[in-house]
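The following pair of complexes shares a single chain, subunit A, combined with subunit B in the former and subunit C in the latter.
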Partner chain A sequence: MVTAVEPWARRVLLCLPLIFVAIFLVVPVGLTVMISFLQRAGLRFLPAFSLASYASLIGGARLEVLRRSLLVAIEATALSLIIAYVIAYFLARKVTPAAARIVLVLFTIPFLINYIVRDVSYTVLLGRTGVVNTALMAAGIIDAPLDWLLYSDFAVLLGLISAYMPFMIFPLFLSIGAIDRQYLEASALLGASPLTTFRTITLPLSLPGVFAAGLFGLVGCLGESAVPIILGGVGYELIGNTITSSMDVLNYPLAAALSSVVILLMLLLMLGWYLVFDMRSFLGRILEWRA
Partner chain B sequence: MDEPASRWRRWPMWLIIAVALAFLYVPLVPSLVASLQGVEPGQWTLRWYGELWRTPLVLGAFRASAMIAVLVGILAPLLGLLAAMSIRELGVPRFILLVMLLPLFIPGVSMGLASAFLFRLLGIAPSLATIVIVQTLWALPFATLIILTAMTTFDPQYLEAAYLAGAGRWRAFRDIELPLIASGITGAISFSAILSINETIRTSAVQGPWNTVPTYIWSTYRQVGLSPVLYALMGLIIIATVVIVLSFLLLGREARPR
Partner chain C sequence: MTRVNVNRRDALRLALSLSAAAGLGLVPPRAHAAGTINFADIGVGDPGGDWSKFEAASGYDVNLVSIGNAPSAVLNVLVASGGQGTYEIINIVGGMQKPLVDNALVEKIDTGRLPNWAKDTYVEEFLGNGKPGFQFIGYDNDIYGVPTVLQGDSFAYLPEKTGKLDSYAALFDPKWKGYVALEDNYTTAGQKTALYLKKAGLAKIANPDDMTKEEFKAVTDFLIDQKKKGQFRVIWNSFEQAVNLITSKEVYVIDCWEPMVFVAKSKGMDVVYADPKEGYLLWAMAAYLVKNPNRTAEQTEAAYKLLDFMLGGWYGAKITNLRGYMTNPQAETYAKDNPSEFPAEQAKRVAEITENVRRKFSQGGTWQNRWPTEVEFYESEWSRFKAA
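Let's look at the complex of A and B:
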């Protein structure tokens, strides 16, 4: 579309973001994997191809941490997906775009506010002498304070969901909103019930958004170190705070090995997303631009 | 679908949304209340906010957060704009988008750890620059997506018209494209700045002796515990975020022609 010779400087400029990500993310991730194979000798690390860190990962308590992290992350992500899907569906289909915009902004603000602020407040609200227990006892609903509100799986799930659910609404909202309404009308004309239409048309067509939102939630939940510390209480270990505590005792190969496992898992899921789903629904118009 | 009956049936949905929002907003209240409470119960005061200005560590954290937010607010949208253009022009849109989204797929702790390894290997001491790099990386996917979305709503024929009228690349970009995607760019700037102001996990891996406001809150909470001054700091971070979001929305409304 442009007849002038493409100046090489322009290409270099356009490649800058790729170079930036390559140097500051791809290389460091590779480095993490390399360090995970280093051999630990006292406080020094010898260049080697040692599987010691991975062995210590599989044996004993750390496997339990890994298992629990995955379980908690999957639970939090699944619950968030359900809540976010219901909200996104409603906003995309049932309300005016102006109202949807306002509600989306209302969900964006708490996502942007540092979640440590929110988690600390949850400890104030949910503790044994906290607002919730006091109110429930005053109302005569319970006789003794509820213990499971804080420093429990419940509190950790609450912290994770409130941190990542708000943003998961966006990809879901976009993918549900992008479905051609003619499909829905055709389905209704052919006599399908709203539920059948949802199951056979809306849900399958919104799957790219579901997968994107799910991945976003999983990454967040697996990379979290503050939530288990604040809301899980003493001894509540998830992979995030296990990595930071192995860093604190200078066991870099172990921290790197734990980190590599999580990164590998996420990259596999991301690759699956990339291969299975067509990004053309989003990139469509940009693809057409290439002359 | 707008008949009264179906409108009436919507109230359970609005209730769900209200409950979800309550779970997100109610936890902001205790910090704000505690930050305004005096030593005596029932007494209200702004002294904890005043105290903040007399704490050198906090002032240092403010300065660092502000400088970093400005830099990230410039760098991430700039890289995001270039990324969005390269997605359009370099012929491998899916690949470039995938690379730009990578920071979203690397868990926070792992990303902080990996960056710390890199800087140590390169012999770069932790500084404001390392924090800016890590936060720019974190904001980049968001900035790219926001600008890309703005670009898809804009008809490339305008650019063709500019070229036909004899405009060069730069002229066409400045006079035609930039005004049309301006809302995307301001969105990317405010989003990047807010992400920077609130980022904690990745930052704490490369902060060294520097503290931003959230890393100060995090380390003080872990070492000393909660205090009225810390609540005041949390109150400020809440207010700052809300102000930036609202001012972006108001500016955006004015800039929009219709």
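Let's look at the complex of A and C:
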């Protein structure tokens, strides 16, 4: 039996996450933005409204790093979305709930493995003398090792996809699973092909989940610093690496400016998600009590 | 420059292990210690956890905590993590005096309180005031760091693949295109490249130790050109990664540190640490006395005793034997004269390493500069190189 929650109790309950978000998110982000405008004096900052860090960001190689980071993050997110959508679709529509649960549990295993261990294991697999090249050469498929398997765009994308794609399956599974099957049955009864039904019903109704999954992937990929270091070879300075690098010379305002730009991009994406989609369609029954 | 890849996680693991060991009675309690010296170190200065000689002589325990060696990591430990009020000594690759002294994080060293200082002839020979090496321990004519380790770096190669190599030109030789690795560090790879460009007459660089913006830009442009031609396979970031690149033969020529070659050789690899005609990248580690506002006069005295202990023969021999770096002039003699502590094989190793590093210093090259005048420009240009 569900009992009504008193209005004051509801407010208290709401206050807890609000306080948590304020202390652990709003305050640090606010300080980061503030530091980005301060003037440096050794390790200390002078109160000022300086745009020097933003000018440095726009004028130097950092902008190219930001552009490249966005491009790589978008590529990895798009590829991850395609893979995750196919997996989520089959789990939500084509297998029994019990089987889906087992597969979903299996997809939580990557979260239990240290990301550095996972990335380093790729170097063992994909190197010139690694397992894959050795096997391909032994099978007579190739004559010389495939250099592009490691320290390449391919390796970075592989690292990013394997790191963040499992995160994306869950919102997609929830979103696809929440679509009323009667819509699909009606579409079929009216003569629509499975492809048309998917294109006109399943895909549009699962878009809140697609956007949520995309956001999870993009945020992770954009801030990633281990994958480019371990798998990227020579050419991967992504935004996470350049933030760390600027802190090495104690340029905290520049690091803060870079971080602020990334945070702003993410906030704009979240705002778009909020404005375009009714979050209740994604969060399902969690918010139904408000109605 | 991260000489040893020890992070906070490793430190925490070590702390937990020690706590567990203490709980099980595996670590004997030191009930009668007069106090504790908190000693932050990048991993190189740990004599295998054995501080018994110092503790017996001073009555003080040593609490060694591993920290990172990057400037931001060091400053985070001292400033953001409250380390200034915790640590007595911080032992890192030297040359960090400008940010440390300018921000009142370390104290001037009173060398008169260190009996072993006068016995350390390396100070005057390599690190004396007026010499390029002084920037590893001194600032504004004062001493701020006690030299604990000295070394010269070059690059390693696989002779079975390349034959004998004796110049940094190998790093940029089209014959090894795609089989070369550099360290991700503008004060090591950047300076070695500058040394090569200067000696080969390919760029006008007055002083690779402290380049102007124009000079470092020329270095970066050269590296970007090489990168676009596909010369480099990877830029490495950690000790283990570099060792793996050598042992897996992923690369044939690698800008790296000599201990990586020791590790690769111990795994049966035929690897040579090059003796380049252009010379070496010379550097030293320095133990700084932290300006700790909570420290008592007695603790300061004990900290000085520890600094002096680190200039002594036993500590020097132990570190040379464990890490492969030259330490102080007493190390070789101590190891030879004390076979009960250092068997003949270890004493021989200490002598060989010391002789090898002395040879590097006599050959010269360029002194690594951890905090060059244009350090921010270096960092920005290195980002340009990596992003190109």
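In the analysis below, the second predicted complex is superposed on the first by the 258 of 291 C-alpha atoms of A that agree within 3 Å, B and C clash if a C-alpha of one lies under 4 Å from a C-alpha of the other, contacts with A are read in each partner's own complex, and residues count from 1 in each chain.
Keep this in mind: a residue touches a chain if its C-beta (ideal position, glycine included) is under 8 Å from a C-beta of that chain, and two chains touch if they have at least 3 such contacts.
It should be emphasised that the depicted structure is a prediction, and the values quoted were computed from it without experimental measurement.
Of the two partner chains placed around the shared chain by superposition, subunit C is the only one that A:Ser245 touches, whereas subunit B remains out of contact. By the touch criterion defined above, A:Ser53 reaches neither subunit B nor subunit C. Judged by the touch definition given at the top, the superposed model places A:Val26 against subunit B, while subunit C stays out of reach. When both complexes are overlaid on chain A, the residue A:Gly233 reaches subunit C alone and has no touch with subunit B. In the superposition on chain A, A:Lys94 contacts subunit B only, with no contact to subunit C.
Between subunit B and subunit C, the partner in contact with more residues of subunit A is B. Contact with neither subunit B nor subunit C is seen for A:Thr202 once the two complexes are overlaid on the shared chain. In the superposition on chain A, contact of A:Val219 is made with subunit B only, not with subunit C. Touched by subunit B in one complex and by subunit C in the other are residues 120, 229-230, 244, 247 of subunit A.
Subunit B makes touch with subunit A in their complex at residues 1, 10, 13, 16-17, 20-21, 23-31, 34, 79-80, 82-83, 85-91, 93-94, 96-111, 113-118, 121, 133-134, 136-137, 140, 144, 148, 151-152, 156, 160, 163, 168-169, 191, 194-195, 197-198, 200-201, 205, 214, 217-218, 221-222, 226, 234, 237-238, 241-242, 245, 249.
Subunit A meets subunit C in the complex at residues 42-44, 56, 60-62, 64-65, 68, 120, 123, 127-130, 147, 150-151, 229-230, 233-237, 241-242, 244-251. Against subunit B, in their complex, subunit A makes its touches with residues 1-2, 4, 10-11, 13-18, 20-22, 24-29, 31-32, 35, 83, 86-87, 90, 94-95, 103, 105-110, 112-114, 116-122, 124-125, 131, 158, 162, 165-166, 215-216, 219-220, 222-226, 229-230, 239-240, 243-244, 247, 252, 255-256, 259, 262-263, 266-267, 269-270, 274, 279, 283, 285-287, 289-290.
The touching residues of subunit C, when paired with subunit A in their complex, are 70-72, 75, 79, 99, 102-103, 178, 182, 184, 227, 232-235, 237, 241, 244, 248-250, 375-376, 378-384, 386-388.
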